[in-house]
Every structure is written in C-alpha cells, then in structure tokens.
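Two complexes come next, and they have one chain in common, chain A, joined by chain B in the first and chain C in the second.
== the complex of A and B ==
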C-alpha cells in the first residue's frame, strides 16, 4: 500500500473518520491497529520482523530501567553507609550490566538488519575475494525479502534503547504503546526517524477533532503528492532510462541525469516526508521536520544539517558521540596529544569518528560499495573543508565576499553541483560505472545531441518538461517563501475564497498533471528501498 | 451564526470544485467520434427510443461489423440491435445482455463465440471500450470486476478522470465540441464500412499445446445460456465468417458439442460460404478479418431467414417502428453515400 495508491487514500480516509469517532483515550489503539494493518499490507510475514524488534527492544528497555531504578534504590538505602569508592564501583558494575544488555539487544537487532540487508553484499565480497585466489566456486546467495522500512524502524528502536539506557527517557511500560512508537505507519517506511521523547508527546494522547489540524495535515499531504507525482514521477523515466546503461549513456546524458536526479530525489523524498508528516498531523500527531530546504545550503556541512535531519542527528547522537567518547578513542586522543600535540590530538579522533559515521551512513543507504564510497567521499570533502576553513575565512575577509548576494548564490550553486555529483553514486550499481560516467561528463563531448535534437528523452516530450519545469518553479517559489515563514501559515491568513482557490487549484494540478495511473510507471518512493 | 456561514461557504467551495471536476471529466474522456470509434458503440444503445428489440446480437467485432440491423429490418422487418464492442470478452457480452434485459426481453439472442478463446481480459483499452459506455447498474459493477486487468482500478471506472487525466496533452477541438453529446457512429450497433480489400494469404493458425477453452469462458457461456433460458429467450450461437483470427477445428468441435448438449442452434459461417455467398474478394474491407457492407448484407440476408423461421416477427407496419427505421435507413444510406465518396467507390 504505497502512499500514492488509491488503497492508501481510502485507508486514510476511513482511518481519519474512525479515529475522530473513537474516544480520545483509545485513539492510540486505533493507530496501532492501523499501523500493523498498513505494515501487514506489504506482506503479513514482515510483521514477524518488526514484531521481533518491538518485543526485544521493549523488553530490554524495561530491564534497563529496572536496573536504573534498582541502582537508585540501592544507593538511596546506602546513603551514609559504605565508602564513596564502593558506591562508585557499584555504579560501574551496574553500568556494565546495562551496557551488556543494551549491546546484546542492539547487536541482535542490527543482526536482523545485517542478515536481510547485507547478507548478499557480504557473500558477493567473499566470493570476489575467493576468486582472487583462484576459487571459481563461491558461496551461494541467499534469498531473503527485505521488510520495508527495516532500516528506519531499527534505528528508531535502537535510538529509544540508548535513550533509556542514558536515562534521558523513561522506558515505555506498555508493550502495545511501544509497538505503536516503532510501527507508526506514516513514518515506518521512510522516516523521519523519530525520537521517543518527541513522538510520544503527541502519539499516545487523545486528539479531539480540530478542523484546522486536519486541514493543515491534508494540505501538507497534497503538497507532498504534488512534489511526488507532478515532479518526481514525471522526471523519473528520463533518469531511469539514462542510468539503465552506464556504457551507452555518457557525457551529456550523464550530466542531464545527474542534475535531473538531484531534483527528482528531492521532490520524491521531501514529497514522501510531507505526506508522512501530513498524515500524522491530520491525526493530531506531531512528527519532526526532516528537511530545511537543503539545496539552499552554502556548504556541504550545512547541507547535511538541512537534509534528512532525523537520520543525520541519529548518526550524530548514537554513533558519532558514543564512538568519539569511547574509551578507545579517548586513549587514542591521549596518545596523539602526547605524541603530536594538542591540535592533532583534538582533531584526529573527531575525524576518525566522522569516518566511522560516514561509513555507517553510506552502508545504511544500501548494501553496495557505491554507498560506502559515497559516504567516505562526503567524509573526505567535509574534512578538507574543515581543514581549509581558516583559509576560506581569510579569503572571504580579504575580498569582503561573505555578505555579497552574488557570492552567496555562487556558494549555493557550488554546493548544489557538489551534491549532484555525489548523488551519482546513488544512481549506478557499482563504483566503476559511477566513476566512468562521472569522467565522461568531461571526457565525452556529445553536448551537440542536446542541440541537434537527437538526444534520447526516454518518452518525455516538451510538454512533460514544461510541466516539470513549472512544478519545480512552484516548489522553488514556495521554498524561498518558507525561508521567511511557512507558506501554509501565510495562506491560512488569506480570505477564505483565496485559500479555497489555492488548495483546490493545487488539487486539480495534482489530479491532471500528476504522473500516475496506467501509462505511468508509478514509482515507489526512492527512500523506501533504503 | 459564524459556524453556519463557515459551513455554507465550505459547501459552496466543495460544490464549485465538484462542478469543475465534472466538466474536466467530460472534457478528458475520449469521445470516440473519429478514428477509433469502437468505444462509442455500447453507450449508443441507451439512446434508442424503442428498445423493444426482438433480436439482440452480443459479441465482438465479428457481430458489429458482420450483420446489419437496417438490412434485417428492410428485408425481414426484424427489429434488432447489436451490443458489441472491439474484442468484447464473453463476460462483457454476458453483462451487456444482463444490462439489456433491464430494458427489454428479446426473443432471440445471437452470440458470436469467437471470444470463447479468451479466459481473461487481454487489454485495458478493450475493457474500457466495452464497459465505459454502460450505464451504472450492478451489471456494470460486476462487469468491471470480471474484466479488470491487474493494472486497473475500480475507482478509475467510477471517476474516469483518474484514468484519462494524462490526455491534457492530446486534447483537441473535438473534445470540446463533443463534451456533452456525441454524434452516433453506428446503425443500431452496426459499424459500417463500404470499401473492400480482398483476403489474400491469410495466415494459418499456429499449432497450440492445448485447444481447450478456459474455465472462465465456459462459465460465462453457461451463465448466458441459463440467463436466456430463465428469460425464455432463444440463444443462437454463431461463428462469423472472419478468416482471422484463425478459428481452429478443435475449437469448433467444442462449440458444436456444447450447442448440441444444450439443444442450441450453432452456425459456423466459415463452413457455409456457398450458402451465404460470401466472396472474400469483395465482401471484406480488411483482407478477411471483417465484412464490409456487401458482406454484412449477405450475412443478414442469410441469418434473417433463420430468425424468421425461429419465430421472430415481421414488425413492419408498426407506425412507431416504421418511423424509427425510416429515419435510421435514411442516415444509413447517407453514410453509404458519404463513404463511397470517401473511398472513391462508384
């Protein structure tokens, strides 16, 4: 049941009606039933995977909290008795128990993810290594269907567990409420990756019917449909066609695919997130924002503060911080400080931790070397940018560039192009193809195809480009407006007739110009496959 | 007071959007007035002023191009209609018959069994041409569910705009002109062609692994037979004399056996060429696939005699029908003249 399917719209309509006719204290039960039903629609067997994660993480969370409470009680009881050293040792022992429990649960759940997502990648690499040593027969590939959204809900559940272990949130005692947190249907397939502390504030409480909230939610859904159906899915055949044959479509084709894919990816992913947030909002649940107009970023660092925010912050909080503050890293930093001075001792551990994070981010996106290289390229660019920061500052100060609009625009364009290049790794199946295609942009001089009319557009005609171009224009206009204030809030202050025209107009645009139905290859959201 | 005002303006906005949607839907649905006209056939049935037909033909192009109700009327006084569309599948013929029974009970139903070869719908385009023209009834709903291919959705039949939205790129002046009413393209369901293209080198059918008709096809033939029986209608099964698609002897045996088993009349026009007088040099307009006007007249002449022998009355002399058929014949003759000019026929 894709978000853009008729079945989903019907499901949502029925759910909204039933939800607001349910007593507020029982609404979360309705959401749980809907979430499990939604998830089961992709295949009832997938419920086993998500069910296992729910049960293990919930149980571990309860045990972690029990341990924390027990520790507190024991320490309370020992107030005045026992030495400080004894208490410290006791605390350390308890912390070690909690860490072991937590690690076991995390390894188990990451193990599920690893098996379903990375087993064949691992086997392919082992076979590759064996063939280097002349072994022609390798391991057989396994056939395991990957449950949709496993990368998302696993991270969300692990985040919860770590938070409980850190004592930043209380463990959810009710298994079913916890099941709802992990499986909440608007976000289970492609995020955002919510934090328990944020989502639980509105997920479990009752929501009386508020026309304004429902209307806002529906407006957000409509905007998501616009981005997905009018822009992303209309452009998709061109990108799919070009990347289908890395050897044949090079040079100008690669450049066009690179630019168009970056637009398509944005429209697709942010469109999907708009639908997710809108659906949750229509049900009264607040889900965190996942994008802040990332293509307006002036650096790659800023871009990653604005793109897929929930994933980035997850890797920061649950990978970067634990790695960079781990005992091993502390010892490494100490060693470096002693040997090479405080400067390197401070920076190198951060870079090593970043390298780990970008490896994790890359492989999280997909079981391909392409994604690993993509992650490490990000790391390399970010590290070089960081090292060159003082140079940039001097350069900007000397020429007084930083406040100039033109230079600001140049930095935005530069970052956008950089992102376009990096996104190529997302398109092709292997590193060699990606690098060959990338090199062809400079080496293959077939730009004349664009002018002499022999460029293959994969079924897209001029009218398709006019629609996509106008769609992107509208998306850009809204993004510029949103830098000041949410367009939806601006429109909400307009007179009723104007509001009605805007939203009905958008509805009709999606209805007429959306690339859906027979004749279109209705695409799954790109991030669903991660 | 404020709440009531808010509700009223909301209702007005919804109403305006619904009207716009209706207009857009009318604009976007194909009109089938020129070029591919087969999609217009089914809807034309409902325009008939007098639906008290004695003979109802159901089937695919092998009925709507091979028999002429105008010829049947003028020669035998048989009041008939053809409910057919391109590659109309047997379940579609069944539901069109069921739908027609809401308006009248014919004495005879003539069904062309060519469609027995299909056990499930092959093409969304053909589904659309057969189903969209039907008026809404449970027959139509069941027809949709029986016909839908995997890529189709029921809701797209309820709101065709969802299916045809992408036509914004192909809209023509005809879409505006025929937004609310279209011109008739058939003559009581008969699609006329006057030109001729001799049948030459008609390919033989390729050997098949299994010649048995599918269970679903049999199911609907049986349903059709029972429906006719329950309504006191005589069912005549025919195989029109189209040379292509190839009609296998093994298929013919199955059709003949079924007819025999249930005491139905079965006429295979392919085997009685000497009696019908069909000449594949002059009586087909597309090299043997379909009859032209000359061929349709010959088949109507032959079948009309049988129908009359089966008790179908000669209703000439009924002032209402005389007037209707006179009008139809006039339009029919005008079309013959126009087509002769178009195809350069003396």
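== the complex of A and C ==
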C-alpha cells in the first residue's frame, strides 16, 4: 500500500474519520492498529521482523532504566557514607552493565538487518575472494525478503535505546505505546527517523478535531503528491531507460541522466517526506522536518546539514560522537599529539571517525560497493574541503567574493553539480559501470544527439518536458519563498476564495498532470528500497 | 569558575578566533560550531580540565554558549 496508491488514500480517509470520532485518550490505539495494518499490507510475515525489534528494544530499554534507577537509589542511600572513589567505581560498574545490555540488544537488531540486507552482499564478496584463489565453487546465495523500512525503524529503535541508556529519555513502560513509536505508519517506510523525545510529545496525547490542523496536513500531502506524481514519476522513465544499459548510453546520455536523476530524487524523496509529515499532521502528530532546501547549499558540508536531516543527525549523534569521543580515540589523539604535534593530533582522530561514519552511511543506503564508494567519496571531499578551508578564506578575503551574489550562485551551482556526480553512484549497480559512465561524459563526444533530434528520450515527449519544466519551476519558486517563510503559512493568510483557488488548482494539476497513464500502478519511492 | 571560564575562552578563541564567544549564545543552532569543532573541543576540555565528556552530553544545550560549557565542565568537576 504505497502512499500514492488509491488504497492508501481510501485507508487514510477512513482513518481520519474514525480517528476524530475516537475518544482522545484512545486515539493512539487506533494509530497503532492502523500502523500495524499498514505494515502488514506489505506482507503479514514482515510483522515478525518489526515485532522482534519492538519486543527486544522495549525490554532492554526497561532493563536499562531499572539499572539507572537502582544506581540512583544506591547512591542516595550512600550519601555521606563511602569514599568518592568507591562511588565512582560503583558508577563505572553499573555503566559497564548497561553498556553490555545495550550492546547485546543493538548487535541483535543490527544482526537482523545484516542478515536480511547484507547476507548476499557478503556471500558475493566471499565468493569473489574464493575465486581469486582458484576456488570455483562458492557459497550459495540466500533468498530472504527484506522487510520494507527495516533500515529506518532499526535506526529509530536503536536511537531510542541509546537515549534511554544515556538517561536523556525515560523508557516507555507500555509495550503497545512503544510499538506505535517504532511502527508509526507515516514514517516507518522511508523516515524521517524520529527521536523518541520529539515524537512522543504528540504521538500519545489526544487530538481533538481541529479543521486548521487537518487542512494543513492535507495541503502538505497534496504538495507531496505534486512533487512525486507530476515531477518525479514523469521524469523516471528517462532515468530508468538511460541507466538500464551503462555500456550503450554514455556521454550526453550520462550527463542528462545525472542531472535529471538529481531532480527526480529530490522530488521523489522530499515529496514522500511531505506526504509522511502531512499524514502525521492531519492526525495531530508532529514529525520533524527532514529537508531544508538542500540544493541551495553552497558547500557539500552545508548540503548534509540540509538533506535527510534525521539520518545525518542520527549518524552524528549515535556513531560519529561515540566513536570520536571514545576512550580509544581520545588515547589515539593524545598519542598523535605527543608524537606528531597538536595539529595532527586534533585532526586525524576526527577524520578517522568521519571515515567510519561515511562507511556506515554508505552501506546503510544499500548492500553494494557503489554505496560504500559513494560514502568514502563524500568523506574524501569533505576532508579536502576542511583542509583547504584556510586557503578558501584567504582567497575570498583577497577578492572580496563572499558577499557577492554571483559568487554565492556559483558556489550553489558547484555544489549542485558535485551532488549530481555523487548521485551517479546511486544509479548504477557497480563501481566500474559508474566510473565508466562518469568518464564518458568527458570522453564520448555525442552531444550532437541532443541537437539533431536523434537522442532517445524513452517515451518522453515535448508535453512531458513542458509539464516537468513548469513543475520544477513551481517547486523552485516555492523553495525560494520558503527561505523567508513557509508558503503554506503565507497562503493561510489569504482570503478564503484565494486559498480555495490555490489548493483546488494544485489538486487539479496533480489530477491532470500526474504521471498515471493507462493501467496506472504507482511507482515505488526511491528511498523505500534503502 | 572564573579560571574555568578563562581557560575555556582561550580554547574557543584558538579554535575560532573570529567569533565573540563572550556574547554568542547560538554556537550550535547557529551552525558556528560544527561536529568537528565539538570533537576537538571535547579533547581539549578533557586535556585541560581532566574531565570526560560523554557522547550523550554532546547536545546543543551544553555547547550553545560559553556559559553553558562552563556549567557543564563545573558539573563534571563536581561529579568527579
């Protein structure tokens, strides 16, 4: 039941009506039933996977909190008695117990993810290594269906567990409420990856019917549908066609695919998140924003502050910080400082941690070397930028560039192109194909195809490009406006007739210009496969 | 407290000489300090004050201003 399917619209309409006719204190139960029903629609067996994660993380969370409470009670009782050293040692022992419990639960849940997502990748690599040593018979591949959204809900559940262990949130005692947090249907498939401290504020409380809130939610959903159906799905056949044969479509084809895919990915992913946030909002639940107009970024570093924010902050808070501030890394930093001076001692541990994070980010996106290379390329570019920062600053100051609009636009365009190139790794199945296609942009001189009319557009005609072009123009206009204020808030201040025109106009645009076609079957969102 | 403040100010000014840390109170939310700066700060604070700041304490509330960082360090010193 994809967000853009007729079944989902029917499901949502029924849910919203029933939800606001349910006593507020029981609304969360309805959300849980809807979430489990939604998830089961992809295959009832998948409930076993998400159910295992819910049970194990919930149980471990409770145990962690029990330990924390017990520690507090013991320390309170010992107030005035016992030495400072004894108390410190006691705290360290308790911390070690909690760390072991937490690690066990995290390894177990990451293990499930590893088996369903990475088993065949691992087997393929082992077989590849065996063949190097002349072994013709390798391991057999396994056939396991990957539950939708497992990469997202596993991270969300682990984040909760770490937060409970750190004492920043209280463990949820009610198993069913916790089950709702992990399985909340608007975000279980492709995020955002919520934090318990944020989502629980509005997830469990009752929400009396508020026409404004529901209207805002529906408007956001409509905007998401516009991006997904009018832009992303319309452009999709062109990208799919070009990347289907890396050997045949090179040069100009590769350049077109690279640019169009970057637009498609944005419309697809942000459109999906608009629908997620809009659905939650229509039900009175606040889900955090996941994008801040990332293609307006002037550097790759800034881009990653504005793209897929919930994933980036997850990797920062639960991987980068723990690795870079770990005892081992701090000792490594001290060793480096002593041996090679303060400069290297400061930078190298950060870079090593960053390398780990980008590996994790890459492989989280998919079980392919392409994603690992994609991650490490990001790492390399970000590190080089970091090292060149003083040089840039001198250059900008020397020529007074930083305040110039033209230079700002140049930096935006440069970052966008860089993102386009990196996105190519997302399109192809292996590194060799990606590199060959990338090189072909400069080496294969078939740009004339674009001028003489022989370029293959994979069924897309002039009308498709006009619709896509105008759609992207509208998306760009709204993004520029949103740099100042949310367009939805601006429209909300307009007279009723004007508002009605805007939203019914957008509705008609989606209805008329959405890429449906005969026998319409909504296309999967790109991020669903991650 | 004053000594802690002064030492910390020196560390911060060494990290970002262009920022007025006496008045700035949006160091994290204003994207003035990024995650690299935070990790460098944790190492420097660990060395200068002999306190261990854990990953769980790396939240904006603890690093948004000089005062917030001083408070965190003082709390850690008391705990130890």
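One rule holds for everything that comes next: the second predicted complex is superposed on the first by the 526 of 530 C-alpha atoms of A that agree within 3 Å, B and C clash if a C-alpha of one lies under 4 Å from a C-alpha of the other, contacts with A are read in each partner's own complex, and residues count from 1 in each chain.
Convention: a contact is a pair of C-beta atoms (placed from the backbone, for glycine too) under 8 Å apart; a residue touches a chain by one contact, two chains touch by 3 or more.
This structure is a prediction, so every number in the text was calculated from the model and none was measured.
After alignment on the shared chain A, the placement of chain B and chain C results in a side-by-side fit free of clashes.
Chain centres taken from Cα atoms put the angle at chain A, between chain B and chain C, at 160 degrees to the nearest 10.
In the superposition on chain A, A:476 makes contact with neither chain B nor chain C.
When the two structures are aligned on the shared chain, A:167 is found in touch with chain C, with no touch to chain B. When both complexes are overlaid on chain A, the residue A:115 reaches neither chain B nor chain C.
Touch criterion met: A:321 reaches chain C, while chain B stays clear of it. In the superposition on chain A, the chain among chain B and chain C reaching more residues of chain A is C.
In the superposition on chain A, contact of A:33 is made with neither chain B nor chain C. Touch criterion met: A:511 reaches chain B, while chain C stays clear of it. Here the smallest spacing between CA atoms of chain B and those of chain C, following superposition, is 41 Å.
Taken in their complex, chain A has these residues touching chain C: 88, 162, 165-168, 301, 305, 316-317, 320-322, 324-325, 330, 333-334, 345-346, 349-350, 353-354, 386.
Chain A meets chain B in the complex at residues 6, 461, 463, 496, 500, 504, 507-508, 511-520. Chain contact summary for the complex, chain C toward chain A: residues 31, 34-36, 38-40, 42-43, 46-47, 53-56, 58-59, 80. Across the interface of their complex, chain A is touched by residues 9, 13, 16-17, 20-21, 24, 124, 151-153, 155-156, 161-163, 165-166, 168-169 of chain B.
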